[in-house]
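Next up is a structure, given as structure tokens.
Each chain gets a letter, A, B, C and D, in the order it is written, and its residues are counted from 1.
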Amino acid sequence: MKKIREDDVIKLLNELRKKYEVIAPVKLDGRVYFKTLGEGDVLTLDYVNSVVSPKDFFLPQKERILEFSESGGEVTVEDELSSKKRVFFGIRPCDVNALLILDSVAREGFEDPYYLGRRDNTLLISLECVEPGDDCFCSVFNTGPSLDEGADLVFTDIGDFYLVKSLTDEGERLVSGSEFFRKATGGDEETAGKKRKECVKGMESLDLRNFSVDEEVVKEKAKRCLYCYSCTFICPTCYCFDVVDRMDLYSRNGERMRFWDSCMNPSFTEMAGNFNPRDGMVGRFMNRINHKLRYMRDRYGVYGCVGCGRCIRNCPAGISMLEILREGVRK
Amino acid sequence: MGLVKKRHPRIGVYVCHCGQNISSVVNVSEVREYAESLPNVVLARENKYTCSDLGQSSIAKDIKKHELERVVVASCSPRLHEIAFREVLDSSGLNPYLFEMVNIREQCSWVHPKDKKRATEKAKDLVRAAVARSMLLEPVEKIKKNVTKAVLVIGGGIAGITSALYLARAGIKTYLVEKEASIGGHMAQLDKTYPTLDCSLCILSPRMVDVKNEPNIELLSYSDVVNVEGYVGNFIVRVRKNPRYVDAEKCISCGACAEVCPVKVVDEFNQGMTHRKAIHLQFPQAVPNTYLIDRVNCLHFKTGACQLCAKKCDNNAIDFSQKEEFLDIDVGSIVIATGFQLFDAKRKKEYGYGRFDNVLTNLDFERILSADGPTRGKIKRPADSKKPDSIAFIQCVGSRDENFNAYCSTICCMTSLKHAMQVKEKNPGTEVYIYFNDIRTSGKDLEEFYKRGRIRGIYFIRGLPPEVFEDPETGKLILRSEDLNMSQILEKRVDMVVLAAGIEPSPSAEKIIRRLHLNQSPDGFIMEAHPKLRPVDTNIAGVYIAGCAQFPKGIPEVVAQAGAAAMASTEVVLKDEIPIEETTAFVDEGKCSGCGICVNVCPYEAIKLADEGIVEINEILCKGCGSCAVACPSSAIQQTHFLDSQIKAQIKALLVS
Amino acid sequence: MGSDTENALKREARNLLKKGDVDLVLGYCMEGDNVIPCFISSPGEVDGLVWNNRCKNNLAVYLRELEGRVAVVAKGCDSRAIVELLKAKQVEREDLIILGVSCRGMVDKEGEEYGSCRVCLHRNPVVYDLFVGEKVSEREERDVDELESLSLRERLEFWSKQFRKCINCLACRNVCPMCFCEECVLEKKDPEWITRAGDASNLFLLHAIKATHMAGRCVECGECERACPVDIPLMHLYSRVCRDVEELFGVESGMNLEDKPPLAAFDLERDAMLEENEKNKRG
Amino acid sequence: MEAKNKKDGFEPRIVGFLCNWCSYAGADLAGTSRIEYPPNLRAVRVMCSSRVNPLFVLKAFQEGADGVFIGGCHPQDCHYMEGNYYARRRFMLLKRLIEYMGINPGRLRVEWVSASEGDRFAKIVREFTGDLKRLGPLDLRERVCDGI
């Protein structure tokens, strides 16, 4: 086990910036976002979690996936794959678990080379949580506040220092190749353990063994839903996207773009000719809940929710995923 | 319906030299080459004159040979030749709306002669935008509608009578609506007409009778137009027939009823200078020649009693139970001949009309001169029935006056001159003065008429008196003025003053103007579509104007214009069907949320909120301004040929560098 | 705050449901320590109704989707939204019973008053069938907008920075009680005005277009700002438009059923004068 | 600061929406009367100024226009009677909005030009082009995306 002084973290990241693109939390208008660090950016270590989930850096809100052009009847296509080396610093354990879910989606069957290009070239340095946020419920899914797999390095706040645990060889290499890390003591580890326990205590504990989605409850909540679908945009595990070809003026050359879409959007399932198999708001809401809490589990063996609490925090109609879980257990 | 491929249409571009009008500034070859390089352009040509027969036929040939699906011509303003080029497409089997014109003459070569390089760049930009737009053009189908073969003439003065007779005699069903009890209008009130000094009713009356006898005319007198709906070729007009309380079928105009009627009221036809009964005939020659009970004054309607007239009438023509009736008539076109109203001379307070008994208007004086009038044609002072020894006429009362009407009322000079000559004829000893600004005599035989007046010993005084005073003891009227020709102050004491009150638009036209959204000139008259070339057309297709509703004018001009309006209105009703504005707005029903904001901005009431909570656009009423398409927040309304997508393509293409 | 008002509200709601005057009461209730919108259809559930300073939601947004006769709890902004929905024929007056309540400003979980509430000018309902509680005094004037003191360049920078945060989720539109278009022009595909996968200038365009569409419609309830996950100060933009509409055309949206939509009306003489003034000021 | 060094030789790009009946005809008259003006304006012909959606203007700015011109009939002369009255309100408001968002309202110019005012049309384009030269390039896309 190693540790690093809090003041040295920024030095470490500056060091890493020489070789990597470094993504880290910064404050913007008083709230925290992940951002590619540039000159003049101020790193923040004082945060619960980011407003927008880290998925934006792996499955961006919008991206160009290929370019095409036509000339003399021949069409040329050029893929845009990323192989840029990156370090993602400060990702929370819940969000690391969310990436693991996205990984399953991207790797299974039809591979998503655009996502994987970014994912496989990014080192994750996770920051464990020592104090839960108001809406956090990772404890329910065991996706936090501590982390044992999924990242390359895990930092734990132990006061003036961060305890550093490496989970992969690459993480290990990074630690051993840097002058900022020093040996941790048994006391450090003890402090970290205590802090983790404290943190869990402050959160909801639910036994999901008897959980099933209570559709009546969900329907009742659906009535309230305003279909703003910001929950799906900030959710770290929602991965639905739309693809559109943007053509030039003369419909000869163009680019293929993909961008986030939402299952809550009425046009999501709309077909040519205006038929919509999932017409109606309740149906769309139900699908989102079922997708998170049933279908993902059936398919990948894990819940599609990691308890980051972003949707709860942001819902204008006060709809709470945790409440749905509670009701599902209560039943 | 043919198929138009949307994505890669085959485009032909023609860049015009226009002799040297364009090519002396714009590098035409460079523009053509550029056009050729644009995707989807299969050919680009240069022409010396694209609009020439040669140019047009080369386009026609290319359309066939090269299977062109879009044609772009870069030449002069589309306002000049767009229609001609569209016809080339039409006759070559391509929808005429698959054409786009680029203005590189009026808006390029002619205005940028010193900067050839940038003028050429601009021409290229414009061509690029036109090509981009042309790709998104869609064929537009012509809309045609059946025509109702009937005409409505509103107003039964000499203008309306003339129009109605022309139309009816041409075999067209004509409705003539007159608000008064009889047709005839102001002309029926005149004694004589200038410059011939023939008796007004003698020439008018036979025409009035013709109207009565003409089988193609349906005369609706004592009636008002209360509503007009529809559009050229298919107007629906609602007319209210007011009750006369006298059965026209039974009344033989014997006048026995009026003799026994106990109610005496002021007679409007004689300008209030005599009295009539509550049951009356407007004037002896009235058409229709049917008596009428004036409901406001009739004792029966006031008290429920009386009915003396009914008891007296042998034919039982009196019918107190008559009610107003509403008729809906269908017509293809409308002639508006609502005439004028006389300027209210009381508004010109300085002249004392209404205050001094011996101050009259020109129309009052007509009645005094008339053999049917209050004095049986003898000229008498109203105050004491004394024969006047001197009469002064004051011109431009309410006309050419910034306080009232700035325009010249056209007819007052000759009217006063006519009156002066009639005075001289009847009482040669009477002194006659005409106070004037300018004497206007433009028109056939009018200058000669003026000369005749001058040798009759009429005094013409340049310069209007600012005020008329009355000597309370003698009743003489005192006029002080500056004689501008002699540069001296004049004072005249006369027995009588006649004011040449001007002409104003008739308020009875107001409702029709509003209903039909007719354009008005600032002075309130109905505006013609073009002051020279379309003098009887209005801004609304199928609606025409005749007579003083358009502007003050003399009888010959009124009659000529009435004939023209009749002719113009036949242009519509002689057709079986007529084309309708094609670049109209349409609504995508699936996208309309029914908020109705578009209804507010449509000046033609072409948009209605239907029961299903979406709007409907009447493509016939729509004139294609496109305002609704902008008001609609979801762009559910679009304008044909000016689609959002087409305009967006233009904007983008203009700015691609 | 509010327990008298809350009890009165319960009384009225119970009455209406008992008498069968309405099928549904739309109000607020608690879920945990959250206040959430609720739909009450039987007198027995009425006890769950609450009225306090956490009832932030504009309930008008639900009205278009509800069937039957509805009694709706309406504070100032809710009632103004209802007026606009009525004007746009999106709801029927006879299907509504408006339970007016006056608002003292809503606060978030931390007890901080929402921005839109801090500057609210109409806390009392403008239209209602039954009024519950007491009226509150209203602010007379709008606050000075701090953005006004910025230079043009700074303002463009400010908004660009804000819009670069935008993740194009359109929550601001989706929660807006005034956004009821069948197809939103922001998502239109033919033509596509906003390139959905385009650069940030598209987001500038998106928010500018949305602002033009709020003119004469926005009731300044602040739902958009609360729904925005990335805290774009949208109410600055829309309040600006409201202020402009008010200054120019003398109309405040949601205040009067008789008002014509200001951009679908004109006043010949006044507009000519305005045009002259504006030209002198803005070129 | 607004793009100082770009100003030299800068030629503003203007998109002009002209109504068919008055402004477009006025622009044509400028041509037939051979009244010169700078070639910076590219016209888009619409039937009425009321067809010009504020979003056309915003789109033009986004696509790189330095200025947008809207020409309609004089008040009371609209071919469609009321169109320019709606246009007038829409663009008064839009001017204020773009100003608030940081675009100089002088970049949007609305004028009523009759079919007989060829000289006036030319004068306006001359003036507007000059104004925009002084303001420099707008570069909205670049400035929004990169914060320059």
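Details
Methods note: contacts are C-beta pairs under 8 Å (C-beta built on N, C-alpha and C of every residue); 3 or more make two chains touch, one makes a residue touch a chain.
Note that the structure is predicted; figures quoted are calculated from it, not measured.
Between B-D and A-B, more C-beta contact pairs are found at B-D. The centroid of the Cα atoms in chain B and the matching centroid in chain D are 36 Å apart.
Inter-chain spacing, taken between the CA centroids of chain A and chain D, is 46 Å. Separation between the centroids of chain A and chain B, computed from CA atoms only, is 73 Å. Note: centroid distance chain C to chain D, computed from Cα atoms, is 33 Å.
Residue positions of chain C with contacts to 2 or more other chains are 185, 193, 263-265. Among the residues of chain D, those touching two or more other chains are numbered 54, 59, 82, 86, 90. Among the residues of chain B, those touching two or more other chains are numbered 590, 601, 631, 635, 644, 648-649, 652, 656. Arrangement of the chains shown, judged by which pairs touch: an irregular graph that fits none of the line, ring, star or complete shapes. Residue ranges of chain C in contact with chain B, taken from their complex: 88-90, 180-185, 188, 190-191, 193, 213, 260-261, 263-265. Interface residues of chain C facing chain D in the complex, by the touch rule stated above, are 147, 152-161, 163-164, 185, 193, 199-205, 208-209, 211-212, 215, 237, 240-241, 244-245, 248-249, 262-266, 268, 271-272, 274-275, 278, 282-283. By the touch rule above, chain A contacts chain B in their complex via residues 249-252, 274.
Residues of chain C that touch chain A in their complex: 31-32, 34-39, 57, 61, 65, 109, 162, 165, 167-171, 174-175, 187, 195-198, 223, 226-231. Interface residues of chain D, counted against chain C in their complex, comprise 1-2, 54-55, 58-59, 62, 75-76, 82, 85-86, 88-90, 92-106, 109, 131, 140-141, 143-145, 147.
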